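What follows is a pair of complexes built around chain A, which joins chain B in one and chain C in the other.
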Partner chain A sequence: MNWGFIITNAITLACIYGTLAIGISVTWSSLGLINMAYGFIFALSGYGAWLASVYIAPNPAVVMVAGILTGAAGGLIVCLLAFIPIHDKPNFQLRALIATLAISLVGNQILLWWFGPRAKSLPRLFGNWNADIFGIVVTSDKLGASLSAIVLLTMILLWMRSSRRGLEIRAMMMNPHAASIVGIGVRRTGIYVMALTGSLAGLASVLLAQTYYVAPFSGITPMIKGLSIALVGGLGSIPGAIIGAIMLGVNEALTSSLLGGQYVLITQFLLIIIVLLIRPRGISGILDKAREA
Partner chain B sequence: MNVSDHGVRPAVLDVKGLSAGWGPMRVIHDLDLTVFAGERIGLVGLNGHGKSTLFQAIAGLTGWQRGSIKLNGEEVGRTRSQGPGRYTHLIVRRGLAFIPQGDEIFHGLTVEEHLDSGAFTKRAWSERGIRKTKILLIFPPLEKLMKTAVGRLSGGERRMVSIGRGLMSDAELFLVDEPSLGLAPKIGKAVVEALMAVELGGSAMVIAEQNVALLEGSVDRIIGMHAGKLKGEASASRAMSAERER
Partner chain C sequence: MTDSSAPIWIDPIDSQFPEKPGREAVTNSFLSHQVTWDETTRFTPKMYPVGRLRYYYKWPGHGGRLWSRLRYWPTRRRVLNIHGDYNLKTMRREKTIVDKRPIWWALALAALFTMPLFVPEGFRNTVMSAASVFAIYAAINLCWMLIVGTAGIFSLATYAVVGAAAYGATYLAIMLGLPWWVLPFAGTLIGLVFGVMIALPAMRLDGFYYALLTLGVVELCRVFVVQSRQLGSATGGLYGAPSYLPDGLSQSNRLLFSYYASVLLMIFALFIYRFIDGKRLGRLLRMAQEKKEGFAQACGVDFIRARIMVFLASSAALGFIGGFYAIHFGGASPNLFSFDTLLLSLAMLVIGGIGRAEGAVLGTLIVVFIDRVLIDLGPLRYVLIGTIMLSVALFLRGGLFGIKDQFRTWRDKKKSERRATRAEKGGEMLPEEATEMEDKDQVYFRRFDKMQRDFLKRLVSDAVIAEHQSRPLGQHSEALERLLIYFRRQGQIDKYAILVLEEFKAYRIVALSGHRGTAPRVVEDRNYETPDQAYHALFLRRVQDLLET
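Up next, the complex of A and B:
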């Protein structure tokens, strides 16, 4: 058994899925929107990155920026279609769930129709070399994926801590009703949030495409994983999502090397059920010391 | 008190023929209200007679509303049958500070971040350091709590944060809903006294309160509210005796 391999795999997966989970979590808690089109944004930005690599340059920076920008654009599309028109109508949460699901289905079919079913592969962004960290051999793509996810997430979290816009997003995550009272526009913040979370999906897409491929439906499984991590972490909690990502990353790496890759979803959902049985509000129920309401 | 000089001062808030409510329920009935610059008004009345709904209608938060609401001469009211809160942030940015009942707070933000969130104009945001120091002078107990999450504060401290948040912006009109509600009498009194100490200048403040004794002698006008309509207008002392008779 190669523990080094399992650990590095776990960390890489945790970084990628954690990025997605934070995106889903932030969208839910600030806009009250469970973004079922997140998988579509994911696949779309994979194609954006692929187009950039073919038509512009197979340069790592170009590919990554293209993926992130396409993701942000995808987020904006979802925002314009499924948030702005209906956010103050009755039963918004249900409507938004259906609307985003529709966008996801239609969008994925359009991708299939436009690009065909054959999977595309992105150029290797981080070269082909190995690093030796404390006796554990780490391949370049894993190291690169983990580092870039951590760097981008740290930047976003710092921005959310220090800027007025970030404060607005955090305020809206905690109490959307009170947010309007302090002059925070729900629609405008919604646009920022969706572009931001879309760009997170774009990054995750480019990073995951280093191991897998870009395909019309490649976003579905990552979205389910991101959503379940967000649930385990407690929807709306960023630290919860990070811990949840590490838990599920370890679980996925362990399961695929001990039992086999096909059992990953089974053990993952078992783990989620156990956590939610003990802590119905997810991990953030343990972390959050503030009183609700 | 200084009722006489109404004609000279500009109206900060001018409400004409306002009706508002929730779904099939009509809470405010054809209400007229004018608030002049520099005024501090007490709005008294029993529970369920529309004090909070009036404030929410001014902020655009009721289920539906119709009638004219002019904030600094600009029309912010409109006939609206849905979308509560859709225009609230725009109304707030025109110069409204709404301090709602039950402290709409962000429970995970610290006191400091909370005060920052009230500074929504560019100018207020760049001056937020100075403004926070001013608010700490009004509410000294908050100084030690600046880094604490608001969700962990007591009711009185939350109320101070909530009012402080309203004071961070350059508001022209302060609507304070039940500042003493749910607080121990002594703390409630301190909160109301702090409100009275706020220098209004060209702005105005309307305080909805059930406990008339708290407002006695310190507000310019007291207006009664009954069944969705304004009833009588009196200087502070006369309203006091009327309230006692009831």
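Up next, the complex of A and C:
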């Protein structure tokens, strides 16, 4: 039993899934939109990063920036198609869910049609070396992925705490109706939020590229994991998403080393169901009712 | 005096002095004051012969014959809900079929049953197998529609139930050697057990939390099935279930037989839909709509129990369909659990419209047709389905079958907008101002005043002004007299008056304040030498004010 391996694995997975979960959570709480096209944005930004690595330079910075920018562009596409036209129409939440699912269907098939079914691989972003931290050997990949996820997430969270736009987004998360009354544009904020969460998906895509590769349908499993983490943490709560990410990361690392890789999803969903049966709104979801309007 | 373009007016006072010729002045031709009334009250909007006005002839109905109705024996339930009425326009007796859906269903089912006769020979295999798939998927979607539409539980685990039942039934058939007719019932049991398992969280969770959880359940099933060696991870599915087809049938007859079996399955699902959605459980749940659960609960409707009942019943039905799936395809494939299947079947539900049986069937027809018959399009056919789904989600509120309602709502909105613009036109006062006004006489006075001013504006002409200039006081032609009477009748506030600065030398135009003790204000910095000049200047001012309003 190699505890160091389990812990580093858990931390890496928690970082990457947490990035996805925060993206989903922020979208839901500020716009009332469950972004089912998140997997498509994930796959799209993977392809963006791959194109950059082939046609520009296989430089880690270039690849990462390309992935993040493509992700933001994907988020904008989803926003323009599924949020702006119907955000004030009746039955918005269900229609937006269906619209994002449709975007995911169309987008994934276009990716398949354009790039073919073969998976592409990105260059190793963080080189090929090992670090020894307190006697635990950590590969460069894991260290780099966790560090860059943590750094970028911290930057984004600081930006949301301190900037004007972040204030707008947080106001929308608290009470969208009141936010629109005090003059925060719903559509404008929607565009910021979707670009931001899209770029988070792009970041996760680049970081996860060593595990899932870049394929037309590679985004679905990460999206479902991100959704379940956001669900366990309580939709709309960033600390909850982080706690959920750590929980599921630990669970995944523990299960795959103790029981075997094929039982990961089973234990994960048992865990989720148990948590949700105890706390129906997730770990830190204190809201009595689901977000309305 | 001729009725020429510029008629001459003769001062009637001069008739008292017949020795002199009468004073003459050029004036306007006669204009009836009725014209403005006619113009204002005329109905100008362009009307089309559409809408709810039933001036057309519908369906003749004798009062006595109306009562001989076709009923389902032995109930008193009518086959067609026919309503007898008098046409409001023609006062003729006529009949209307209130709900035409039974006719459409009968036609559609007849088309489904006779469809194999009309399939061209070249496409026979493709179309017939696609048609069986359509009927099975329609059955699944009808049960799903019960869960989503009637029970209001947004579960995405429908195909997980079907898949679990199909896998379980196939596994049992392989292990125990069950005959084919046991499998649907075995599937029913498995579906019921599975339904109980996924219904447990539904009592605590609601809305999207449950949807996301069931999405996870589907993914869990897929991964489990793909990785489990016992369930055929190596062969890409578990096969080996017995088939219900009799031995010794030719290829085309096999297709035909399985097609009719699938259509029967769909009709079974339609019956289940009808008997859950249209009976007690459905009525209870229709009362406990989204966001009105509290009200229903206060009325004594135990909607959670009703929802779970519907969920379990449709899970059992889904299990039956799963068992049928196993004996139809000879097994089960992990494809049942894939995200794409989920997406496609959600597209079927959404395109037709959530909450209607006909929506589920039509949506399935469209999607299965694109998916299975237009195979030549390759991945583009999914793009086509996705585009249809996206546009339905963006533009339609209730799918294809909601278009009629949505159009009527839109038309009523447009109608009321038009009505609002029309109502505003006649009066001077806007509607909101009129409701605030305490003295309602004011509303009608202002409307009358506006009409009068509109009329008087047309009387102002160079001839009238010249006539006034020639003699401001005294007898005038009819047009000028009307203008002057109107001007004199105005209220004292801001009424023009002439101030005599120095008699026969200097006159000036002022405006009265209308209040005692407040001096009139000076209007212009100009003196007039004679009273007539001052009168005329004052007249011109009033005419200008009139034309400006």
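Everything below uses one rule, namely that the second predicted complex is superposed on the first by the 284 of 293 C-alpha atoms of A that agree within 3 Å, B and C clash if a C-alpha of one lies under 4 Å from a C-alpha of the other, contacts with A are read in each partner's own complex, and residues count from 1 in each chain.
Just so we're on the same page, a residue touches a chain if its C-beta (ideal position, glycine included) is under 8 Å from a C-beta of that chain, and two chains touch if they have at least 3 such contacts.
All values derive from a computational prediction rather than experimental measurement.
In the overlay built on the shared chain, the residue A:R95 is in contact with chain C alone; chain B does not reach it.
Between chain B and chain C, C touches the greater number of residues of chain A.
Contact with chain C, but none with chain B, is seen for A:V106 once the two complexes are overlaid on the shared chain. When both complexes are overlaid on chain A, the residue A:V62 reaches neither chain B nor chain C.
In the superposed model, A:I191 lies in contact with neither chain B nor chain C.
By the touch criterion defined above, A:A119 reaches neither chain B nor chain C.
Look at A:I84: by the touch rule set out above, it reaches neither chain B nor chain C.
Across the two superposed structures, the residue set of chain A contacted by chain B and also by chain C is 89, 290. In the complex of the two chains, the chain A residues touching chain C come out as 34, 81-82, 85-86, 89-91, 93-99, 101-106, 109-110, 112-113, 217, 220-221, 224, 227-228, 231, 235, 262, 265-266, 269, 272-273, 276-277, 280-282, 290.
On the chain C side of its complex with chain A, the touching residues are 154, 200-201, 204-209, 211-213, 215-217, 219-220, 223-224, 227, 339-340, 343-344, 346-347, 350, 354, 378-380, 382-383, 385-387, 389-390, 392-394, 397. The part of chain A that touches chain B in the complex is made up of residues 88-89, 164, 167-168, 170-171, 173-175, 177-186, 288-293. The touching residues of chain B, when paired with chain A in their complex, are 59, 61, 82-86, 88-90, 92-93, 98, 100, 104-109, 113, 116-118, 120-121, 125, 149-152, 165, 169.
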